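Pasting in a structure now, in structure tokens, and then I'll have a few things to ask.
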Amino acid sequence: MSAIRVENLTKRFGDTVALDDVSFEISEGEFTIVLGISGSGKSTLLRCINGLTAPTEGQVIVDGDPVTSHRNDVAMVFQQHNIIGGMSAYSNALSGSLGRTDFLPSLLRFNDREDKLQALEALDMVGLLDEAEQRASQMSGGQQQRVGIARALVQEPQILLADEPVASLDPGSAQTVMQYLRGAAEQEDLTTMISLHQVNLARQFGERFIGLADGEIVFDGYQDDLTFDVIDELYGGIDMEEYLSGNESDTTVA
Amino acid sequence: MSTEKSVEQRLEEIRLTRRVRWVLYGILSLAFAGAFYGSLVLINFSVMDLYHQWPTFADRLVRYTPNWEYIIERNLPLESVITLAMGFAGTVLGIPLALLLGILGSGRVTPYPFNFIFRSVMGVSRAIPALVWFLMFIPLAGLSAVTSTIAIAVSTIGNLGRLFTDELEEVEDGQIEAMETTGASKGQTVVFGMLSQVKTSFIAWTLYIFEVNVRQAVTLGLLGGGGIGVVIQVQQDLRAYGNMMAGIVVVLVLIIAVEMVSQRLRSYLRDDEEADGLIQLIVGLPQRMAESVLK
Amino acid sequence: IGSTGDDDAVRFVLNPAEEQTDIVEEYTPMAEYLEEETGATIDLIRAGTYVETLEALETDQADIADTSPTAVPAGEGFADVIGMRTAFGGSLYFSTIATTPDTGIEELSDLEDEVMTTGARMSTSGTLMPTLMLSEAGLDIGNFPDGEANDLELRTAPDHDTSRERLVEDDEIVASATGAFASAPQIPQEQFDDYEEFVEHSAEYDGAGSALEDGEAELQLLAVSDPMPRAPIMARSAWDDPEREDIEAALLDADEEDLQPDDVEEGYELWFTGIEEADQSDYEPVQEILDELGLEFQDFAPDEEDDE
Amino acid sequence: MSTEKSVEQRLEEIRLTRRVRWVLYGILSLAFAGAFYGSLVLINFSVMDLYHQWPTFADRLVRYTPNWEYIIERNLPLESVITLAMGFAGTVLGIPLALLLGILGSGRVTPYPFNFIFRSVMGVSRAIPALVWFLMFIPLAGLSAVTSTIAIAVSTIGNLGRLFTDELEEVEDGQIEAMETTGASKGQTVVFGMLSQVKTSFIAWTLYIFEVNVRQAVTLGLLGGGGIGVVIQVQQDLRAYGNMMAGIVVVLVLIIAVEMVSQRLRSYLRDDEEADGLIQLIVGLPQRMAESVLK
Amino acid sequence: MSAIRVENLTKRFGDTVALDDVSFEISEGEFTIVLGISGSGKSTLLRCINGLTAPTEGQVIVDGDPVTSHRNDVAMVFQQHNIIGGMSAYSNALSGSLGRTDFLPSLLRFNDREDKLQALEALDMVGLLDEAEQRASQMSGGQQQRVGIARALVQEPQILLADEPVASLDPGSAQTVMQYLRGAAEQEDLTTMISLHQVNLARQFGERFIGLADGEIVFDGYQDDLTFDVIDELYGGIDMEEYLSGNESDTTVA
């Protein structure tokens, strides 16, 4: 059974068509990377799957049910990590269990022992067990992003979405974060969709690829299908090879 | 270069735009100056009058030399502690409702037309001057520092609550969405997604309003509401301006002390990384104690 | 202030609005005297304005109040007049309107189109009475004090002394209204001789012109008002306590020495020397002033809930 | 998993730390509660008294029903315009010195010990309540709207200047460095690198202080300083609470109007992208005019 | 003559050694890229050349004179662009001429006609002539960065420094910005030093390369010398090939 089925999804913001009749299916446990330049609709797609954005037309079916609002079993990692700066890494990870904790206990931090252990295990998995008590705002960007992943894992999702999780990180941290995402997905057997704009990282970590351009799907395939032609199509306009070969002569910039 | 022409042309365009803008700014400035001038006329402001009266006024300024001995004689520090207590208790009493109304007044918590109910309540609390609140609460607590405190508490609701509401408008959606995706309930989203973002600003604003309230407590004292304000009022009635200024000096010290503490706290809250002597020590303590126990 | 110390204490509210004194200090000997005579405990509480004293009397937050003459009509229905403060034997006092010798103003009607200061806006002797005098002299005083006068510019001052000082210091201001106690020391005594009632009843007549020797600016008298009753001591009507009669009696019996502090310095003068019996009717002149000026206190009688 | 052990151990550590922290928070809370309780004792606060007096107080609230007719009868809108004029003129008069002292008070413009000279001047201006400033300036301009305006202007220097100084502490170094690298002079760096960053916040703070000043103008009016406050005071003295409340309703409308305008302006300044009807129209005008001329 | 000579440059912040005895020379007109992972000392190096940071030991010699404070003829493009959000693109570009404008004229915007034309030409060069009147805060990240370049050009520098000018941009914009930098450097004949952390961009645009690791120079050479081994040394620790080959089997993340 497919974990995610997107059916004729269209999303318009006023005149802008962010997604244009997008359909695809993702099988359980697949590690999918969504590629596309800025504005191609990557975020909108993930937000529709997540229920944060309501589609204009079409629907998303997760686990057999159409998505209407956000679901407990779909977790999300954000580009700006969106963790709570004033709390410790541990408390942030623990906040992933809010969906199954009542209001008062969550306020007083009387969480289940199980959830607490799970938060620490998740931190362990992203290599931050020793920093568990550190304030999130004092961590580096890469560490904060890993806390965001830990939080998503504590949510015990079946589906993990990540919207440009490494866009604001330096290459070293980006590698590390992608490794943790891939590792967690395999270990917990998660269906994962990650939007990226770094082609090299995508090629390195991706299993399946969905390429968006102007809200439409222009590529849907596996690692072997992702040729340089495809990438040129996705990131058209800039012809690097030609620019590179020409840059020793006079370069008048348009 | 072939673009030279278009650059020249663009400059002309920009100069024209600028000229039009200068004219527009000129008109706005004139309107502003007109409003200012109109205001001065409306209140019968006359520079000549002030000029004529200046020597008399200046002569009198020597009267305002503080009589330092009076500070000890009249035990002004004690009186100023009462004023401080009024400001502190009034602030603390006002916080819960300020928080509640401030949060409910935000368009993100209560949907649009309804949040204005709460904003209006806060508006009323602000619109009625603390002096009038004082009068209105006499039947409740008599002519006493308690009444001042209640008056301060009531105006705190409006002043602080409004600052809270304003602050909540600047909250970023990201963290709220993040909490929503974890499946958090509405209440949990508000607490973890919104309030945790503004926690430090809320504390900073509360400290600011506390400062304002201490000043307000002095003012209410001037009208019979207790504390050092009463002393200042009496000395003024007696035209003992030296004593009055001694009182004001004590107020000055009090207010500067309050501001310094509150500024310190705020800057500590702002850049929490900065190792800030005492507070760092206290906050860091549990960690170190736990470590030493486990070793 | 606000020391509601023990629950049975008699709460005596003091209103300093019109006097330049530390009123709590002034009344301490009286409180001690009353405590000695009646065995009651007296709490002295300072009020900011006289409305506050009325509010306190009406809502059982005070038992006795030293207040201003206008409080008598305003307090009708919930506060009784016990007595009237007297100063140096006189129970009546006067307002004056004075100018400086160089202004050329001869009489009140000359004040048309001029600027004049008065005392606090609702002060009987500083503002209300002088306004009435201007009105009787044929000037159109408009809505003043609740608004502007038409024929001249009236500017209020926070108190009597400031009203007088503004006259001396500001050339634009040609006259000032004050209670006689604030102006008489700077007015040569002979100028008062035309006003028989003043000569006879006023405590200030003897000291008139006395400050001129100290080099204070000389003022020139324009008019003296009709006599007014001095400020009343009032009690809460609903105050029903055996102590009440004792206290009232003791107040009326008080001698000047009872009211003086023990450790008086040379030349110390209280601004009141005794309390004599008085009732509502003694304050009819005040009601008349208010009526003339069109000022009405709101009536909160339960049955007639309107703004009459 | 082999790390299970260490996770358990870590949880124990964390629980211990937390427990210590709870104790610490407990102590802090107790200290806070103690300070609050002490304050209440100091001002003789008694819940029982309030409870006993509550019915009396509640009964009297009907007296405060506004007498709507009075608004027209007494032409209160006009009086409130005078109050507005006092607040406006006072703010405008206070701005230049607030700006100067506020900038000089920042540790980034004036080096450390010297900036405290300017901060102290602002401190004095704040510490003395506007009411006392008002009384001190009576010899200069009498009991009038002018004196109120001057008192407001003087306290604006301290209040606004301090907010300016605080704001400047939050300026980011990046733009300052960027200006330095262009070879800009010290003055140019301050103007382009620092002030341009805080321009909108400065305007926002000025608007906030303007609101506060309008309320202050009402309060000073209560002491005879002109405008609608005087009407409120007279009606209060006449115990005509219905009329008094009519005055307060007008103040409420005034203050809400001022706040709405200032809020609108501020939110326009904050997210300038938002196409905001009128203002956009005005600001966009020169551009469009220039375009049409060149076409 | 060498445009920039760095002699035994050491910079310590407390215990941290940000630069450790760094020496090199850059010839006039060279387009140099400084590579290195986060914390390797790239920013510190550029700031020392610029005079924004004072070295602990050693010195930087620009155009024959030791650098003591910031110089008019050294311009800088910042990662966070540091342009003034409240002003138009044109005014921002014009602010590059502050160094040669007096206080009052600059305040009243009475700049020389020449400077004004130059500001527009610089905007033209970075392709923003049409957006000249737009408010900087309303522009996209890539556009803002280009305004920053225009400002640096208006400064009429001999040396152009850029500290991670494309780190916060998406790949499309990063390409564009790098193109403009390269184009401007060639057209105005500038000596240019750019720090980057994207290896692919560096290879694409760089002429000369300086590699930093832990504050020390570990590589100094030209395009042909920049082999994968060098890159592995610079970005050591993460062995991508191995990770990639192993990621189909069980991946336990450390």
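A few points about this structure:
Chains: A, B, C, D and E, in written order; residue numbering restarts at 1 for each.
Quick note on the criterion: contacts are C-beta pairs under 8 Å (C-beta built on N, C-alpha and C of every residue); 3 or more make two chains touch, one makes a residue touch a chain.
The chain lineup, named per UniProt: A, E = Phosphonate ABC transporter ATP-binding protein; B, D = Phosphonate ABC transporter, permease protein PhnE.
Nothing here was measured: the structure is a model prediction, and the numbers come from that model.
Path length between subunit C and subunit E in the chain contact graph, taken as the least number of steps between touching chains: 2.
With steps allowed only between chains in touch, the distance from subunit D over to subunit E comes to 1. Chains B-D form the pair joined by the most contacting C-beta pairs. In this assembly, the C-alpha centroid of subunit A lies 30 Å from the C-alpha centroid of subunit E.
Rounded to whole angstrom, the centroid-to-centroid distance between subunit A and subunit C, based on C-alpha atoms, equals 80 Å. Subunit B and subunit D have CA centres that are 5 Å apart. Rounded to a whole number, the gap between the C-alpha centres of subunit A and subunit B is 43 angstrom.
Within subunit D, contacts with two or more other chains are made by residues 17-18, 43-44, 49, 53, 56-57, 60, 135, 139, 144, 236, 287. For subunit E, residues that reach two or more other chains under the stated contact definition are 133. Along subunit C, residues 2, 4, 49, 51, 59, 61, 169-170 each make contact with two or more other chains.
Pairwise, the chains that touch each other are A-B, A-D, A-E, B-C, B-D, B-E, C-D, D-E.
Subunit A makes touch with subunit E in their complex at residues 37-38, 125-127, 167-168, 170-173, 175-176, 179-180, 182-184, 186-187, 197-200, 204-205, 235, 237-238, 240, 243-244, 247, 250-254. If you check the complex, the residues on subunit B that touch subunit E are 1, 3, 6-8, 10-11, 14, 17-18. Residue ranges of subunit B in contact with subunit A, taken from their complex: 174-175, 177-185, 187-188, 191-192, 196-197, 199-200, 272-273, 287. Residues 49, 52-53, 56, 135, 138-139, 141-146, 222-226, 230, 233-234, 237-239 of subunit B are the ones touching subunit C in the complex.
Interface residues of subunit D, counted against subunit B in their complex, comprise 12-13, 16-18, 20-21, 23-24, 35-36, 38-40, 42-46, 49-50, 53-54, 56-57, 60, 64, 81-82, 84-86, 88-89, 92, 123-124, 126-132, 135-137, 139-141, 144-146, 148-149, 169-170, 215, 218-219, 222, 226, 229, 232, 236, 244, 248, 251-252, 255-256, 259, 263, 267, 270, 282, 285-287, 289-291, 293-294.
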